[in-house]
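Labels run A, B, C, D and E following the written order; every chain starts at residue 1.
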Amino acid sequence: MTGLVLRDIRKSYGAVDVIHGIDLDIKQGEFIVFVGPSGCGKSTLLRMIAGLEEITGGDMTIDGERVNDVPPSKRGIAMVFQSYALYPHMTVYDNMAFGMRIAGESKEEIDRRVRSAADILQLTQYLDRLPKALSGGQRQRVAIGRAICRDPKVFLFDEPLSNLDAALRVATRIEIAKLNEQMADTTMIYVTHDQVEAMTLADRIVVLSAGHIEQVGPPLELYERPANLFVARFIGSPAMNIIPAKITAAGEATALELTGGRTSSVDIPTAASEVGKTASFGVRPEDLQITTGEDFLFEGTVSIVEALGEVTLLYIEGLVPGEPIIAKIPGILAVRRGDKVRFTADKARLHLFDAAGNSYRAA
Amino acid sequence: ADLKFKPGEDSRFNWQSLEDFRKGHDLKGQTLTIFGPWRGEDEALFKNVYAYFVEATGVDLKYSSSENYEQQIVIDTQAGSPPDVAILPQPGLIADLASKGYLTPLGDETKKWLLDNYAAGQSWVDLSTFKGKDGTAALYAFPYKIDVKSLVWYVPENFEDAGYEVPKTMEDLKALTEKIVADGGTPWCIGLGSGGATGWPATDWVEDLMLRTASPETYDKWVKNEIPFTDAAVVGALDEFGWFAKNDTFVDGGAAAVASTDFRDSPKGLFASPPKCYLHHQASFIPSFFPEGTVVGQDADFFYMPPYASKPELGNPVLGAGTLAMITKDTPASRAFIEFLKTPIAHEVWMAQSSFLTPFKSANKEAYANAPMKKQGEILLDSTTFRFDGSDLMPGKIGAGAFWTGMVDFVGGKSANDVAADIQKAWDAIK
Amino acid sequence: MSQLLFAVFTMVGGVLACAAYFFGTNWLLDRIFPSKGRTGAEASRNLRITNAIRPWLFMAPALFALAIYLVYPVFESVRLSFHDRSGTRFVGFSNFAWMINDGEFRQSIFNNFLWLLVVPALATFFGLVIAALTDRIWWGNIAKTLIFMPMAISFVGAAVIWKFVYDFRSEGSEQIGILNAVVVALGGTPEAWMTIPFWNNFFLMVILIWIQTGFAMVILSAALRGIPEETIEAAVIDGANGFQIFFKIMVPQIWGTIAVVWTTITILVLKVFDIVLAMTNGQWQTQVLANLMFDWMFRGGGDFGRGAAIAVVIMILVVPIMIWNIRNATREMEGH
Amino acid sequence: MIASSRSPLIILVHLSVLLLVALWTLPTAGLLISSLRDKDQLAVSGWWTALSTSSQNLTGRASAPDAQVERDGKFVISGNLTEGGSAKVSAFGVRPMQPAAFEPGTAADIGDGQTLTVNEDGSYELVSPAKMEGTRGQRIFYTASVPPRFTLDNYREVLSAAGIGSSFINSLTVAIPSTIIPILVAAFCAYALAWMPFPGRAILIAVIVGLLVVPLQMSLIPLLRLYNGVGAFFGVPAKTYVGIWLAHMGFGLPLAIYLLRNYMAGLPREIMESARVDGASDFDIFVKIILPLSFPALASFAIFQFLWTWNDLLVAMVFLGTGNDELVLTGRLVNLLGSRGGNWEILTASAFITIVVPLIVFFSLQRYLVRGLLAGSVKGG
Amino acid sequence: MTGLVLRDIRKSYGAVDVIHGIDLDIKQGEFIVFVGPSGCGKSTLLRMIAGLEEITGGDMTIDGERVNDVPPSKRGIAMVFQSYALYPHMTVYDNMAFGMRIAGESKEEIDRRVRSAADILQLTQYLDRLPKALSGGQRQRVAIGRAICRDPKVFLFDEPLSNLDAALRVATRIEIAKLNEQMADTTMIYVTHDQVEAMTLADRIVVLSAGHIEQVGPPLELYERPANLFVARFIGSPAMNIIPAKITAAGEATALELTGGRTSSVDIPTAASEVGKTASFGVRPEDLQITTGEDFLFEGTVSIVEALGEVTLLYIEGLVPGEPIIAKIPGILAVRRGDKVRFTADKARLHLFDAAGNSYRAA
């Protein structure tokens, strides 16, 4: 049971290289989430796994068998397309039943599975409609329904929840998680832009950037120990605050001088050779706390206050010119625009990256 | 325009007539449009003729033709944009045009001219006289360029090799037919195929045989349907044709092949090796479908389709066809053109180029391009009876419709009586 | 050279004049009822007016041409169908009465129904299959060109072509028609295909199918290429094989176009006459309405009354197709 | 899709297309080969026999007696039956009913003491003890295997016909505007019928479909009358290029509108809406969005309209005339056929000459029948 | 400057009623966000405002003028379609320039605006591509770019950010906010499923449900004082926990008996007549705190632990059968599945709804 193995997978459209060599081992039954900036190649990679896109270079094996040239229908996959790809001439019911009809399932079985999927996705009352009479979210749900009606070895989801409202999104996410639990042998590969989805669903997250892998690992590992600046910024919302710094002393803990003059020390060991080098100091918005004491990490002026209800986002100017530091403080605060605020943070939750952007912690 | 024969040079031509014509006709600055049936080679030949007319009158002459001339002339006259002169090979169509008032009568003078100058003049006048819109009959057309249809073609050398003689009577012809079968050969090549016009060659057969079994008056009544198609005389002629065409051993390919063999292909059997047949009944135009290089008179020849010895009272009837010129727009130029057709030179020039026969007595027989043409011309001039192709005289729906179809059915196995009844029914329907 | 210049000049002039009409009228309309930069009420009133007028501006040249070239002749035909052979004397329904009693007419109606059943269905079917098959092979364009060729060949050419197929020579002599050559080679006896009643209709239909497949193919191949690729990909993922994708995904999505092609060919079949005219001229019981009409219209001077009466029948036969199209169009507009 | 292109099914696809193409081109191939054949052969043997060496019964003729030479006291005529000697004689005879009576090389007695010998290579020798008389040579029947022989004579004949060049230009002058103008007119109309709401739209569409059926022949006379009337009124000739363009347009419009409307109605609504929101007027939308997106439909219709006008004879004859300077190519070629239309060799060759231009049009417009023109425009089913 | 006024707006597709009568006043320059479950009619409403969908009933006025029959091009709107609706035959540049070209802007102006929009949306390198060669997110950005290139009176956005990654989404969101600030006179109407977007961007949020308005108000008001159960559940993610309860005592504060037997009291005044009635008690997951004391609100068993990094979600079983209570606790917790945990909450942040679902607080 070797699952899905990608070896130096490459893709180019004519002269445009889109995927630059991906190596990835996906175990059977694993839930893998691809994240990455828009246009980094997630959909392309997914489509290559599905067999819809020719693989320009490299090898792909499923269960030990090279599948580069195996047609999609023989790969045992189900896929939710980013653009839905519903059959415009079929009703919702038929859209969902199509795959099973092809597979020759019995009428009752088809009906049972379609209705249960429709139930989960709150589509029951739309079963007789054509896609063109559905809202965006409803279409997306039909696309999901079509995939979960089938019983594949590998599930591929391309941003399946992007057009759903929060409640439905949570509900559907949980359904997908359940599905994953019930079908322990089924591999799921999932593309999303939603941090919560990525963090809650994934066994491992693959962070892609411009056609290559930045980091692969379980969600919390990526959150707590991002391998590099890119991952650090990408995982977590709002993104990690990065402050240019200089290493002033190495050892078990590293002492730094931040831009703006304040000094700090982080619980990350560095080699003596690093002293004097420039580095990037990182702290997540949610790790910042407001303090009135003197032992603060930095101080700044609030330029924007965004009250989201459960939390409040503060945009702090003054440290890195042009790039506000963001702080995410629970609850609704009395802070106003223009206030000067001091912040502190737990030393263990600070991050440090070298000039090339790689984490010192990982090293 | 270049003139094919330099005026005054060849004594076969009556150049004087051209000079006489030139005097009374100055049409400079006028135009004349002629619509005719001749295309391809024929058009070139006709062009050489009208070049003299143009040269003499200075008219600007535009000749045009169309594959679907029948349709074209109907459309043009109906729509009010007819040519000045139309030349058509179908008296039936001309009758229709005349009855709708699209033609201009040519006048008594022309009628008289025809009576005087054409051999069997009365036949020609009768042929060219139609009822006008008001119902009065008048001479509307001028016959020009005749085809003789009563011809049987053969290869003299094959006859020689097999020891056959050219038959002088119909009885001989039938005997020869049987003899060839007895010798292991196939006597006849008959092909009725002609795309949409399939069947017409058979109508020539029937008409030819009709003239040899019944009186010309009966023939005239027949084409006017004054006697029904089911008349014994007509059925008899049909059966005569059936004797030839519906006997599997008499025709190349058997009776079944007759209807579907193209008339243009069928004479080729004469020249095959070994010959597929020895005899072929067709009009004077057929040599253009002989294999390339065939010299008429040497490689192939014809004889007059003989009459029955048992019916001497019928004489030597000749079946023919031809084109008739008429004025569709009365202008001085179109009048002049008809006048031009009355000059011997208008006939002789074409005679000298081949494939043109004329009953015009004043046209010099010596002008015929070759011996076979001359021989045909003599058949025409010697005929005691001349009759125009009956199917062309019948209404279009019959002569170019039911009659054709009937003949196809006939060779396909239907009895003469049934076929005649069908055709008569169709005729009744259009009355 | 001067002729060439004249040709180029007239061509450019003609096309430009046509384009100028559309630009000009549109510009004028916006000029007369301006809405840009006008105040609310006036602008929206003007807009309503222009919106009501503009469709008719767009359609005007087409409607004009249709009216003159097709509608007017239709009325003329209807008028003529009540007149005698020269189109001058009113004769009431006698032309129609004659028609019903005419055996040839009944034969034509029967044959026409045969044609209507067979030709549109087969031509559309072959066109569709070929369009689909050639769509994804590298030499598809070449294949399409070859199959399109019959369409491009002039009718006279086509008639000769089929002569070389159906030609019949008596048994024993060399066949120059390939069909009989094959029959003979297989040990059969040659047949005069065109003369076998009833079946000869089908031999004629083959010719029209052979020609019209190119038409269906071109139109359908344009439609096939408009199918969203993703739906096909989705079907591939759903495990559908080539046939299932074709019949369950592609065909339903271009159903509208298939209907259009089918309708067009059906109507064309109603009008078909040149094949019949050239091959048999309606003999051996192959007569069809259009050829019958042609025959009456032009043979030997023509009988306009009867010709027109047959034309009217042909036009009446198309009414069901028109109703069906109205239904489709309204349904489609509701969907929007 | 790429991955599936390697499946065994694709071989089946190739094979079936091959079969269909073969079926469809076979008749035309016959025409093509026939057009390259000698005209006498056309009606005598099947076109497919022209491709291989065939055994044929032929008739030849010895040279005329005036070519005889006296040799050893005998009179001899010799020569070769097969010009160039490419054929191989397998038998010969001197009587039409026994064309294969003698082996090549044997001396056949033809009476009067004369003997004829024909050799395999076609050379013959006619030996007579007495001086031969007459003007014509002795006929010789022989069976020979003739290698395939093709000739361009038919094409040469057609192409060298007078006036073919100007007819070609006439045809183009008729066909090109007769293709472009109706497309433009029909496209506007189709757009209005597909996307502009107004009362009576469905009925109008149906009427246009109905007009497809109007038989061309019915319209000719009333129309020509109209033309003559208009021509007389304005004092211009009735038969002009403008007249025929309009006629072709009128006859082509129903199909054009029907096809184009169907296509346009299938374009995604959102694209039009988006343009509308962008401030585009109907005219803008038509010119900038609909036209470019309708290229496949426009191209396919253009192909047909061009083809019909190019191959048309009837409309051109009626509305342009049959005179020499107005004759279109089809008219010119038909006229070459002669009054009785029997010259198949000209028919075959001219069919291929006329087909060239439409095929070029087809091939060059075919690339507009593109795939995925709408890809990426909207998402959803 | 009356802005946009909707009066009893209705829409039906044939027999299906989709919008049931919407009354809404939008002031000029306001930023309105429509939220609501998938299929509730947001897109439809937006399309009616744009003039793309015929208004079945009611009146719509812009600046006092009735616009029901005014075509879209005359309404001075720009719109981002949920399904992008790009011009497939035009490059990205031309797609964005189209509207300006129609309006007859100068070449330089067009170029300037297109490039600046492309810059903001990180599309500069794709300007020459056709839509079909773009990723889903890139297409969406082109659609946004097309709208912001124009200079309309009203902006309509239909889920414009759904296919973007978190970082880009934040960036674009900020751009839209800036745009809104710069163009104080421009009204913006925005459909989204993203709570953060809705909360941060909106001047007022309109909560729609099944074709009618549930509540209209500023973001924080909706969060803090949802008018009814629907809004309460809809705003906030995860959704507010609702526990059936019975009112045991009325007055300034209301005393309750929750399902499961615990009692509680909320700072919401009720009338004495309400005593004995059933009600719904609501508490937001983020308002729950873990306590070890005795003064807890309720106690339950943890069935799922979702660690998102900055917060941890606990699913608590045992109170309402089948419906777990969710708690959102900052940080990464040591709580495990199966643990029994007690929760408490700030009294001021509790919610109470009557049997019909309406809030007692609002009353």
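Details
We adopt the following convention: a residue touches a chain if its C-beta (ideal position, glycine included) is under 8 Å from a C-beta of that chain, and two chains touch if they have at least 3 such contacts.
On a predicted model such as this, the values are computed, not experimentally measured, just so you know.
Touching chain A and chain D at once are the following chains: C, E. Two chain pairs are in question, B-C and A-C; the one with more C-beta pairs in contact is B-C. Each chain's centre was taken as the mean of its CA atoms, and the one lying most distant from chain E is B.
Here the chain at the heart of the shown protein, by mean C-alpha position, is C. One inter-chain figure worth recording: chain C and chain E are separated by 55 Å, centre to centre, where each centre is the mean of the chain's CA atoms. Taking each chain's centre as the average of its CA atoms, chain A and chain E sit 22 Å apart. Centres computed as Cα averages put chain A at a distance of 94 Å from chain B.
Centre to centre, using the average C-alpha position, chain C and chain D are separated by 20 Å. Residue numbers of chain A whose C-beta contacts span two or more other chains: 51-52, 71-73, 82-88, 132, 134, 136.
Of all residues in chain D, those touching 2 or more other chains are 1, 4, 43-44, 217, 223, 281, 313, 334, 372-375, 379-381, listed in ascending order.
Touching of two or more other chains is recorded for residues 68, 71, 74-75, 195, 262 of chain B.
Touching chain A in their complex are the following residues of chain E: 13, 35-39, 42-44, 82-83, 133-138, 140-141, 158-159, 162-170, 193-196, 199-200, 219-220, 223-224, 233-239, 284, 286-287, 306-311, 313, 328, 330, 332.
For chain D in complex with chain E, the residues that touch the partner chain are 268, 270-271, 273-281, 284, 288-289, 292-293, 372-380. Against chain C, in their complex, chain E makes its touches with residues 14, 63, 65, 67, 69-71, 74. Residues 68, 70-71, 74-75, 90, 92-93, 95-97, 99-100, 195-199, 252-254, 256-257, 259-262, 276, 395-397, 399-401, 404-405, 408, 412, 429-430 of chain B touch chain C in their complex. Interface residues of chain B, counted against chain D in their complex, comprise 33, 35, 37-43, 62-68, 71-72, 74-76, 78-81, 157-158, 161-162, 183-185, 195, 262, 264-265, 268, 271-275, 285, 288-289, 291-292, 298.
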